[in-house]
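A short write-up of the structure that comes next.
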Amino acid sequence: MKELLLLSGLGILSLVAEIINARKLIYPLVIIGLFVNIGLCVGDLGTNETVYGMLKLDNSALAFTILSSLIALIWFIVAKNYFSDETNISDHFSLVLFSLVGVFLLASYTHLSMLFLGVEILSIPVYILAGSDKRNVYSNEAAFKYFLLGAFASGFLLLGIVFIYGGVGSFYIAQIAATSMLPYGLSEPLLIAGFLLILFALAFKMSAVPFHFWAPDVYTGAPTSITAYMSTLVKIGAVAGFYRLFVGVIAVYHNYNFFESYTTILLIIALLTIIIGNVIAATQTNIKRLLAYSSIGHAGFILLGISMIRPIVFYTVWYYLLAYCIANILAFWVLIIVEKQTQSENISAFNGLAKRNPILAGTMSVGLLSMAGIPPLGGFFAKYFVLLDVIGRGYMLIAVVVILISLIGVYYYFKIIIAMFAKEPAESSTLSVGSFTKLIMILVSVFLLIIGLMPDYFLNYFF
Amino acid sequence: MYLSQYIFFFLSGLAIASALLMILDKNPVHSVLYLVVTFFAIAGHYLLLNAQFLAVVHIIVYAGAIMVLFLYVIMMLNLNKEIEPHKQQLPKVAAVVSACLLMLCLIAALKSAEVNMLPAARNSNIGLMDNLGKTLFKEYMLPFEVSSILFLSAMVGAVFLSKKEIH
Amino acid sequence: MQLTNRRKVVAKKEMTLAEKLYLPAITNGMVITLKHLFKKSATVKYPEVKRVHAEIYRGQHVLKRDDNGAERCTACGLCAVACPAEAITMEAAERKKGEEHLYREEKYAAVYEINMLRCIFCGLCEEACPKEAIFLTDRIVSVDVTREDMVYGKDILVESMENRIDVSKRQTKEVLEFKKDKWHFHNQTWEDIKNALPEKKHH
Amino acid sequence: MKEVIIGIPIQWYIFLSIALFCIGVLGVLFRRNAIIIFMCVELMLNAVNLLMVAFSRYIGDTGGQVFVFFVMVVAAAEVAVGLAILMMVYRNIKSSDIDKLNKLKW
Amino acid sequence: MLVLSILIIPLVFVLLIALMSSSQSKRIALLGTLTTLGVSMYAFSQFLTDANSINLIYKTTWIERLGANFHIQLDGINLILVLLTTLLSTFIVYSAYEREIKSPKTYFSLMLMMQSALLGVFLAKDALLFYIFWELTLIPIYLICLVFGGEGRQRITFKFFVFTMFGSLFMLLAILFLWLHNPAHTFAIADFYKAGAALPASQQVYVFIAFYLAFAIKIPIFPLHTWQPDTYVNAPTQGTMLLSGIMLKMGTYALIVWLIPTVPLGWKLASKYVIIISIISVVYGSLMALIQQNFKRLLAYSSLGHVGLIAAGIFSFNLQGVQGALYQMLSHGINVVALFFICDIIQQRMKTDNMQALGGIRNVSKLFGAFFIVATFASVALPITNSFVGEFLLLHGIFQYNSILAAVGCTTVILSAMYMLRAYQLMMHGETNELTASFGKITMHEKIMLGALAILILFFGVYPNLLLHISEEPLKQLIEQVRHATLAVTYSKF
Amino acid sequence: MEIFIVYKIILVLVVFAISLGVAAYSTYAERKVAAFMQDRVGPDRAGPFGLLQPLADGLKMFMKEEIIPSVSNKYLFILGPSLAMLTALMTGVVIPWGGDITIGNTTFPLQITDINIGILYIFGVVSFGVYGIMIGGWASNNKYSLLGALRASSQMISYEIAMGLAIVALVMTTGTLSLKEIVAQQGGTWVNFVYQPLGCLIFIICAFAETNRAPFDLPECETELVGGYHTEYSSMKLGFYLFAEYINMFISSAVIMTLYFGGYNLPFQDFLAQHLNGNVLSLFQFLFFFGKVLFGIFFFMWIRWTIPRFRYDQLMNLGWKILIPLAIFNILATGVMMFALGKV
């Protein structure tokens, strides 16, 4: 409850700040607020607080909340430029914070209404943010496509929810789990259809493969800061939402026949996502688009992780998200800086970055290496945990395929690294960034290294 | 045949027919009006299901606010021209086929579905204001509060998007 | 220079709270309208009740005849020149033998038209006429449905001997004085002009 | 068959809702005019609402009907945002044909 | 703690380099490698006094939920490799001491990181840790090659990277597989041995293949070697030294410690084929070396031949073979560093390493010629050079396994003599031409470097027992363990 | 049962007739009131005091030429005024016109139907009412009509919100949505206006806006838009629009009186009930209520002929920046008061 109040309070506060002419205050307040939020979550660990019976702040919920707050914190530092426009500053702040509320709800819901509201609260501000570069046709188009398809997907989400409701007679996850265990199969068709539809809808939000068509366009069209937001926090939200449903209903009774086949569908989606995301990413020359497809590939990995979840192993997804988001946001950070200076999103804009600013190149490399899954960065363990589950379930062939596909990932990430380190820059001037930015960049990179070196240290808090 | 069945078929026919007309009519204004008719048919179903409160709210929200907004935008942007000159047939066919497939799949899957009745069912007054209010403000307090955030963000967003930029 | 004390200084000042509320002002306005509800109506129900005209009411024109029944107008055109609305047109003609009883002088107006849609009833024509031929009367110009019908010709304008229009009220002493004032050019006869000219030497 | 309303089994409502929903889906896929697509999405939500109310009535649980409120809330919010986006797009490209929004390839 | 400090000291010096000015970085780097060398020597002495000293083990829980420990230990087998690494690192850093380098801070930091990672690979006693260090070595060497390498480096280094990555991912799969079939769910090497040996034969073969892919690419062995010559040629000299002097040994070391004892049955079933492949690799490498025109490329192929023999010796897996392999790893490292340094000197001065264009350098610099001939003899494995001991033991081991294969393997001695002497002849003898006349004297720095290496070559050639003695006992144990496992399974099969 | 249905049908017809009649005479009354306020006489030719004027006007409407512009959308052009009329007439269904009439043992309430969500019903119908104007304005295919329609819709939607919020505050105090119930609650000492003065004010203002009456008659303001949404209309279709406006006014004032000013309750009702026959009392109640409603209509006219029309931005400012916050404040204040008085 405290977290919810804090986040929404911050959002409202940033609206109020506009009225009382305190725009300068918003930024530090938000940063402090997010820190406080992390603190509150850490303090709540183990309490299992329930809010009106609709939310349950168990450890996994808090873990996702902490993750989202952390990423949001970094994002706010990364996207500082995005908030430089004085006229709209409080709008942007409040929208971002409100969508964080959505993430929180998705991370902790125990009732399907909160799933639905969470998805919407998460999405609606992002629709707007995607179009926040109002006079840019690309941004418009991004917002527009994202909105139309998002609304379309929420229709499916709702249909799924209503089917489950019809089959169970309740929206509570615990009840759904209990009912789905019952032997008689009268309501089973409804349950199956419902779960499938919810899967499709959330797969859409996660940009998993048959539902991924929006992602590259939207990611490319939206302002780069917002793309960073979408590819990290929105994904956290969607994954957390799906994770809760899956763990709460399916993983608890994973021996039940129906859910095995459900897992199979999930597995197919995940595999397709990994393959298509990575293969198409390898053909891209626009970095935003490349990162978009790569994030599709990572979504596939996450889905694979979810589909393999067993009641005892809960942490893979969280850890994957942690590593992926930090790495991704680092890459976007550098992209934002480079894009601002060169006005280009092409790989060639990165030519010789190592000469122009070694810190930027280093940071980008750390991010990309982590996403490529090179130890000892966080991305390695993320993939490692997933693979462990996959092999543990006996899907050896899938593991082999996934590993081969991730080599493609190595290919396109290294394309950028080669450009940075081995190619000659188009212009020889150095690309300077503030010392504070440098410091944070190094800190975050080191953090990514540390979570790779000591994954247990972070996981033990929550799982 | 019972009276309720006649009513059901009438309303369903109306709803489906006008929904189809909505997507088939070239003129957006007509589409809006057909959709309004569909909404009225659905409201009729609500009444049939003894959910008067919801029926009225449905009319107020959908017919009274949302569709008016649509109409407003169509009129303001002058979209009544037929902007779809012609497009390739293939996507159209694909659209029809996939939608029909979806329908067939769902119907086939759910033809034997049965709702899971709670023991305390058969309370026909659930649609009444009192019961709804009690549920809303006791059990569903949090979603109620949270939806205010949703509204706030939608409001901020809509204002932000339609604000003219000052240069 | 302040002529009246109705002048108000209109300035864009910050409104007080009471003014911002508008409600007192609205109530004020409503009280005013309510008061008018009980005021005597100012309407005159026209066909039944007619309002008395002023003595010098300027209504429909008349072209006078002299006591012998001859038209006074000589088509000099001064009225047309004087007319600010350019409502008057005329065509002059020469009097033939045997028409002396009809026209007072050698020249007369064969056509004389006043466009009543243009006329503003200012009375300048009356003032300009040197022959006391045209007068505005207290008759009301009736309405009509076509433009053509609103152009009055001599058939309407010239008075008939049976039903002569009394214009004596318009020929008050002052008016007559005025009409005779030689200072005005149009009141001067040819003789007057000749007399006024300096004497010329005759051979 | 459990029939709460005389003569109407729940399947009828399920079928009706699915039909309406699929018409909505069809519209989304079929039409190119953004505003119509948007309306079709509304139709989909309404089909769901109808089913929700029907279920709620047949189950005898108030929750479903309350849920419908939230769906309406969300629909209203979506409309506000969606139309704002539509206006913004229109301002730039003077059309609401989604085929004209092809600057970014799919 | 002592053993941990071996890992950490280079990293500390990396930090120091980052803090100091770039002109200081080479000194700090050298200091770092010397310190590490000193510490490792101290550890060596500790080991000689008490092989089970607490100082030589560092173990702490790392990822509890996976049963992964941070376990590093100095034992008789990896001691040689640790010494090799610290020793060669010193030389490698020193070899860059008087070279023009674009950004020395980065260059030397990367080298120190590389050293640390390599030490990690050799010291790790935990599969996951091993894997991570294994992968970790990739990044610094990749960057060294990419940033400081020659023309066309982008494509070539990338090929190198993808090849090794490809292999190591299969190793990861194998590790995961073993972990899952390990009832204790740990990564400890002892548990791995148990778990691996308990697998049915067919699965052992799969695991063997997965591991083999990773190691064979790294070594490299014949069909998987295609990344090697180009990379060697294009990498900066220090990179080449690192690659050929130390990194190759990761693969061979892993064969001994991680592959064969883990899946003994797999080895049993596959050894025939892999030895044949290794021998093919030997012959192929030597023949290719024979026809090269460029000295560096020649060295690359010769390296392929030498390590092929090492691999063959390991796969024969008897005491002589494995001991020979271990000893040859050390020797080959020293030789290769020496040769590449010589190559570097030539390239620096002549701007080419095309042997046909050179000649008569000996006439210009006698001392250089002398050093060159020592290195050449070492590479050819003449007695009293270090390689002689190693190759002799290797061939002996292979002979025990299969005499025909050994005979074929013996050709390497002849062939290497042919190509090395040819190279020496082409470059050193003959008329001094216009180009080589400008060769000049070798500098003090080069003298020190080459002198020290020559001393080492002779020292290890004369006094091999120092190291052979140390590795004997643990290797015997290992071999016995493998033999036992294969026997037990074979009997149970029938 | 059957007699009940017959009774309902009769009642519907009566309410229908009354609505139309009142609307018709409202046109007359409007002109008269305007005349009086401007010190004029007003219509007085047709019949005594011009009382037959509405009939003459109606006749004129019927006799005039039907014009449907050729570029217009025919069906929608006709649908527009029909919808306007329909929604205007539908509202009267839930208003309680008086107490019950007892004949024999059967009780006939003077209300067509007492649905438990009466206020919402009215609200729903009103919110639907905007379609008539929008469709008509759009179908005319005329700039002025379209502008009028757009103005109408945005105005009505904007003011509906404040109206709804005002009603929320009222419902908080009454605790019911049934109009009959609300009227019954005001039978005692105080009418709701006493509890909800601010809400009442807001509701009245919004009612003005919803009926498109001055000072909110921007959709049809002659000086700017010729005739607004009904520029292209003539004959009885125009008549429908005009009629609908007057019916709306009638119903609005009936609703205002019901919600805030005691409905059909008589002063000293309890005292009178002891001395009068129930049916007679109901008759008195009806008459009293009708009187109130007529006063309401007069009030509408009074305002119209007093206050000038708003500018469009002023209209929107008033709606969004003043009325809505005020209504929310009203809800808050009501809640606080109820909490303080211990009525929650």
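A, B, C, D, E and F label the chains in the order they appear, each numbered from 1.
Here is the rule we use: contacts are C-beta pairs under 8 Å (C-beta built on N, C-alpha and C of every residue); 3 or more make two chains touch, one makes a residue touch a chain.
Nothing here was measured: the structure is a model prediction, and the numbers come from that model.
> For chain B and chain F, which third chains touch each of them?
Chains in contact with chain B as well as chain F: not a single one.
> Among the chains in this structure, which pair is joined by the largest number of C-beta pairs in contact?
Counting C-beta pairs in contact for each chain pair, the top pair is B-D.
> For chain D, which other chain has the most distant CA centre?
The most distant chain relative to chain D turns out to be C.
> Taking the mean of the C-alpha atoms as each chain's centre, how many Å separate chain A from chain B?
The mean C-alpha positions of chain A and chain B differ by 31 Å.
> Let me have the rounded angstrom distance from the C-alpha centre of chain A over to the C-alpha centre of chain F, please.
53
> Where the centres are mean C-alpha positions, what is the separation of chain A from chain E, in Å?
42
> For chain D versus chain E, what separation do you get between their C-alpha means, in angstrom?
Computed value for the inter-centroid distance: 66 Å.
> Could you check chain B for residues that touch two or more other chains and list them?
57, 65, 69, 106, 110, 113-118, 139-140, 143, 147, 150, 153-154, 157-158, 161
> Among the residues of chain A, which ones contact at least 2 other chains?
113, 117, 120, 124, 127-128, 131, 134-135, 166, 169
> Applying that definition of touch, give me each pair of chains that meets it.
Taking the chains two at a time, the touching pairs are A-B, A-D, A-E, B-D, B-F, C-F.
> Which stretch or stretches of chain B touch chain F in the complex?
29, 33, 36, 52-53, 56-57, 59-60, 63-65, 68-69, 71-72, 75-76, 80, 128-129
> Give every residue of chain A touching chain D within the complex, in rising order.
113, 116-117, 120, 124, 127-128, 131, 134-135, 137-138, 140-145, 147-148, 151-152, 154-155, 158-159, 161-162, 165-166, 169-171, 213, 216-217, 220-221
> Using the touch definition from the top, list the residues of chain B that touch chain D in their complex.
Touch list, chain B to chain D: 1-2, 4-5, 8, 12, 15-16, 19-20, 22-23, 28, 31-32, 35, 38-39, 42, 45-46, 48-51, 54, 57-58, 61-62, 65-66, 69-70, 73-74, 77, 79, 83-84, 87, 91-92, 94-96, 98-100, 102-103, 106-107, 110-111, 113-118, 120-124, 126-127, 131-132, 134-136, 139-140, 143, 147, 150-151, 153-155, 157-158, 161-162.
> Okay, in this complex, where on chain A does chain B touch?
Residues of chain A touching chain B: 4, 8, 11-12, 15, 51-55, 87-88, 91, 94-95, 98-99, 101, 105, 111, 113-114, 117, 120-121, 124-125, 127-128, 131-132, 134-135, 163, 166-169, 179, 186-187, 189-190, 192-193.
> Name, in rising order, each residue of chain D that touches chain B in their complex.
2, 4-8, 10-16, 18-27, 29-33, 35-36, 38-40, 42-43, 46, 49-50, 53-63, 65-66, 68-70, 72-81, 83-88, 90, 95-97, 99
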